[in-house]
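So that you can tell them apart, the chains are marked A, B and C in the order they are listed, and the count of residues begins at 1 in each.
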Amino acid sequence: MNPIEVKDLNFSYDQHLDVVKDVSFVVKRGSYTTLIGHNGSGKSTIAKLIIGLLEKEKGSILIDGQELDNDTVETIRRKIGIVFQNPDNQFIGATVRDDIAFGLENHLVDPLDMDAIIEKYAGEVGMIEYLNHEPTRLSGGQKQRVAIAGILAMKPEILILDEATSMLDPEGKEEINTLVTQLHKENNMTILSITHDVEEVMKSDHVMVMYEGRIVKDGHPSKVMLNEEELVRLKLDAPYSVKLSNELTKLGVKINKSWDMEGMVEELCQLLSKK
Amino acid sequence: MNNIALGRYLPLDSIVHKMDPRYKLVAMLILMVAIFFPSGYIGYVIIGTFVLFSLLLAKLNLQMILRAMKPMLFMLVFLTFINTLVLRTGYVLIDLFGFKVYSDAVFQTLYITIRLLLMIMVTTILTASTKPLDLTLAIEDLFSPLKRFGFPAHEIAMMISIALRFIPTLIDETNRIMKAQASRGVDLKEGTFKEKIMAILSLIVPLFVSSFQRAEELADAMEARGYIPSATRTRYKQLKQTPKDWVMITSVIIVLGSVVWISL
Amino acid sequence: MPIAFEKVNYIYAPKTPFQYEALKCIDLAIELNKITAIIGPTGSGKSTLVQHLNALLLPTDGTVFILDRTLVANQKNKDLKSLRQKVGLVFQFPEYQLFEETILKDVMFGPLNFKVSEEEARQKSMTALTMVGLDDTFYERSPLDISGGQKRRVAIAGILAINPDVLVLDEPTAGLDPQGAKSMMELFVELNRKYKKTILIVTHDMDHVLNYCDNVVVMKKGEVVTHQQVNDFFFKGDSVIDIEMALPQRLRFVESLRDKGFKLDSKISNIKDLALAIKKEISHE
C-alpha cells in the first residue's frame, strides 16, 4: 500500500480556471519525493487537496489505501504532517511549548503527559533551549523547526513540505533541509516536498514536474531533469551541472553517468587522466 | 511584549500574582458590585481598606493608580462643575459672593470620585497581577458551564489567545508598512485632507489584506493539525486553586455582605 | 554628491532594557552609478544600514551623506521627504504595500505624493510597469488579484515611477522562482547601464552577486568587514578567497576541478568559457 496515491485529480477555484487537471501519481513509502513547477502550476493546491483543506472535484486520493472523503479526513490528517510556507502564520501558541501542545490538545492527549512529549520532540528538532520563547524572538528557521516538532509529536508517517524554506534565509534553509534529510533517513518518513529549489530536486529520489496544472514529468531526477531546453520551456531552471554538461556535450565532451557536481567532477578527472 | 492591552501586566513576585486567576476575576466582579451599593462612609471605608490591603499585597503602589486616574481628571472637574450648579439640596457649605454651594453637590461628587478610584484600583490589581493569557484561561473555565446552552466559551478563549499572540506581530507589521509607504512619499504630518485620507488608507488596507490572508493560512494550519472548534479537546495549561484562593474569596464575600447589610 | 557613512552608529531602543547596537562605527562610501551588493548573515545590520539611505532611520552617532543632503546625528533634519524621491527603497516582500483600487493607481501613488501632475504620474507609471514586464492589460486590474510574483513587480514599479537616482532593494528576489529572479536582476542591470541609476541590493544569493554586481559590501555583527569590487572579492590573485558564505555555483565547480588537477583560471566568467577550458584541458593532455 502506498502512502499517497492520487488518480485523475481535478480541481478549480471558481469554475473557470482549472488549477489541477487530471493529475495522477504515486508516492512510495520511505521515498523523498519532490514536486516542482512554475509559480501557479498548481503544486501548493495539490498539497491542500491531499490533506483535505480543499475539496476535489473529480478523482480519488488514497492515503495508505484509505479514500479521502468527509468521513475519513480526520483520521487521515493524523497520518500526515504539513509544514506551510509562512513561519509566522502557522505558529499558534504564545510560546514554543504552547505551540507544540496545540496539536496534542487536539488529539486529546492527557495534559499530565504533555510536558514529557513536548520536551522530547523539541529536543529532536534542537529547540529545547527555546521552549519558553515567544515567536517574535525566533528566526524563521527556528519557527519552522517548531512546526516540525509539533508534527512529529503526532507521529505521522508522511511529511509534506509546502515550500517550507522559500521564506527563509540561507541559514534557515540549511537548518530545515538537514533536519528533513535526517527525518527521512533515520525515522524512515515518507517526504513530499513542494519546492522551487532545483538543487533539492537533484538530491531527492523521485521528482514530479507540474506545468499549468498537469504533471508532465515523473521519475528519477537523473532521468527527468536532464533536458535543459525542455526545463526552460516548463519555466524552470536547470541545475548548474546539467547546464555545464550540455555545454560540454556541444563541444564533444560527453558526461555519461552523473548529473550532480561531485559525480561530474569525478568523471571529468577520469577523462583527464585517460588522455 | 505580550502586556499591551488589558491594562499592563507587571511581572512582580507577589502572593496576589500567584493566585488562581479565576478567583481573582470573580473577586473583582464581586467587589465591583459592592462598590455600587449605597453604603455610605462606613461601607467605603470597609471596601477601601480591603482594596488598599490587596494593592499592597500585590506589591503595587498608589502612584500607579493616581496615574491611571489622570485621564479622568478633566471629567471629574467637569462633573464637579455641573453638580455644583445643578444640585441645590442639603445645607449650604460655601457662600461665594452670593453664589451658594450646597452640601449634596459636594458629597455626591465625592462619592463618585471615591467609587471611580476604587474601581480603578480593583481592575488594576487584577490586570497588573494576572497575565492576559491566564485571564483568558480563567474566562474559558468560568464560562464553560454555559457550553451546554450553546455559549462558545472555548472558541472565545481561543480567539482571545490567538489575538494576544499576534499583537506583537501586528505591531511589527504596521511599522513595516508605515516605512514602506513613507518610502513612497507618505507623510502623515503634511498634506491636504484628501492626501491624509489616502495616507491612512495606504496603511490600513495592506494591514487588513495581510490580516485576512494570515487568518486563512492560520485556519488551514490549525485544521491540518486536527483542530475542530466544537470537538472535545484537552488543555495543556491547568489552573490550580489553593487554600489562599479560598481565603481571599471568603474575605471578599464578607466585604460584600457587610456592605449590603449596612445599606439596608 | 556622495553616498557615504562616517562613523555611524545606530542603537535601537536606546535607554531601555531592549537596547541594541545594530551599527557600530560604520565608515563606508558607495560608488555612484554602480551596482553594489550588501551581504552578510541575518542580524548583521544590512537592513538597518540601508534604511539610513532614505532617512527612515537617522544615525544615533556620526554622519550620513546622501547625494546633496547631510544627516547628522542629534540634529534636526527637515524635509526628509524630498530625499525619498531621490533614493527609492524597496523592502523585502514589498507585495504587502499594494492597496489601491487598480494597479495603475497604485503605481501612481508614489509620484503623486511627490507633487507630480496626474498626467505625468500616469505616464511615469505606465513606463514603470512596462519596465517590469507588465503590459496594459494589467492597468485596470486590482493589485490584490494577481500572482505573488506579479505583485512584487507592481510594487517595484511603484518605486520606479518616482524615478529615483538611487535604488535600494532589500532581497528583491526572495521567494521568486528562478526565472522570475533572473528577469528581475536583468532589470536592475538595465536600470544601471541604460538609465545610470546607482543600485544597492541586499542579498543572500552569491550567484547574483557574482553575475550582476560591480561591488560588494560584507557586513557582520553591525560592522563592515569588507568593501571591494566583486572580482577582487571572489578572486585573490589566482585562487578564490575562502569566504564564509556559500560560493556561487560556477566558482564551486571551478575550485573542485582545480583541486583535482585541472589548470583552470579562476576568473572564468561564464559557463561556455568554463566548458571550453575543460575541453581544452582534456584534449591537450
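Heads up, the rule we're going with is that a contact is a pair of C-beta atoms (placed from the backbone, for glycine too) under 8 Å apart; a residue touches a chain by one contact, two chains touch by 3 or more.
Everything numeric here is computed off the predicted structure, so don't read it as measured data.
With contact taken as defined at the outset, chain A and chain C are each touched by B. Among the remaining chains, B is positioned farthest from chain C, on the basis of C-alpha centroids. Averaged Cα coordinates give chain A a centre that lies 30 Å from the centre of chain C.
Our note on geometry: chain A versus chain B, Cα centroid distance of 46 Å, whole angstroms. Chain centres here are Cα means. That of chain B falls 47 Å from that of chain C. Counting partner chains per residue, chain C has no residue touching two or more of them.
Considering their complex, residues 38-40, 139, 166-167, 169-171, 196, 198, 235-237, 240-241, 243-244, 247-248, 250-253, 261-262, 264-265, 268-269, 271-272, 275 of chain A touch chain C. By the touch criterion stated above, chain C contacts chain B in their complex at residues 51, 54, 56, 81, 84-85, 88-91, 94, 96-99, 109-110, 113-114, 144, 158-159, 162.
Those residues of chain B that touch chain C in the complex are listed here as 173, 176-177, 179-187, 195, 198, 201-202, 205-206, 209-210. Here chain A touches chain B in the complex through residues 48, 51, 53, 74, 77-78, 80, 82, 84, 86, 88-94, 97-98, 101-111, 114, 134-136, 150-151, 154, going by the rule given at the top.
If you check the complex, the residues on chain B that touch chain A are 2, 133, 161-162, 164-165, 168-169, 172, 213-214, 217-218, 220-228, 232-238.
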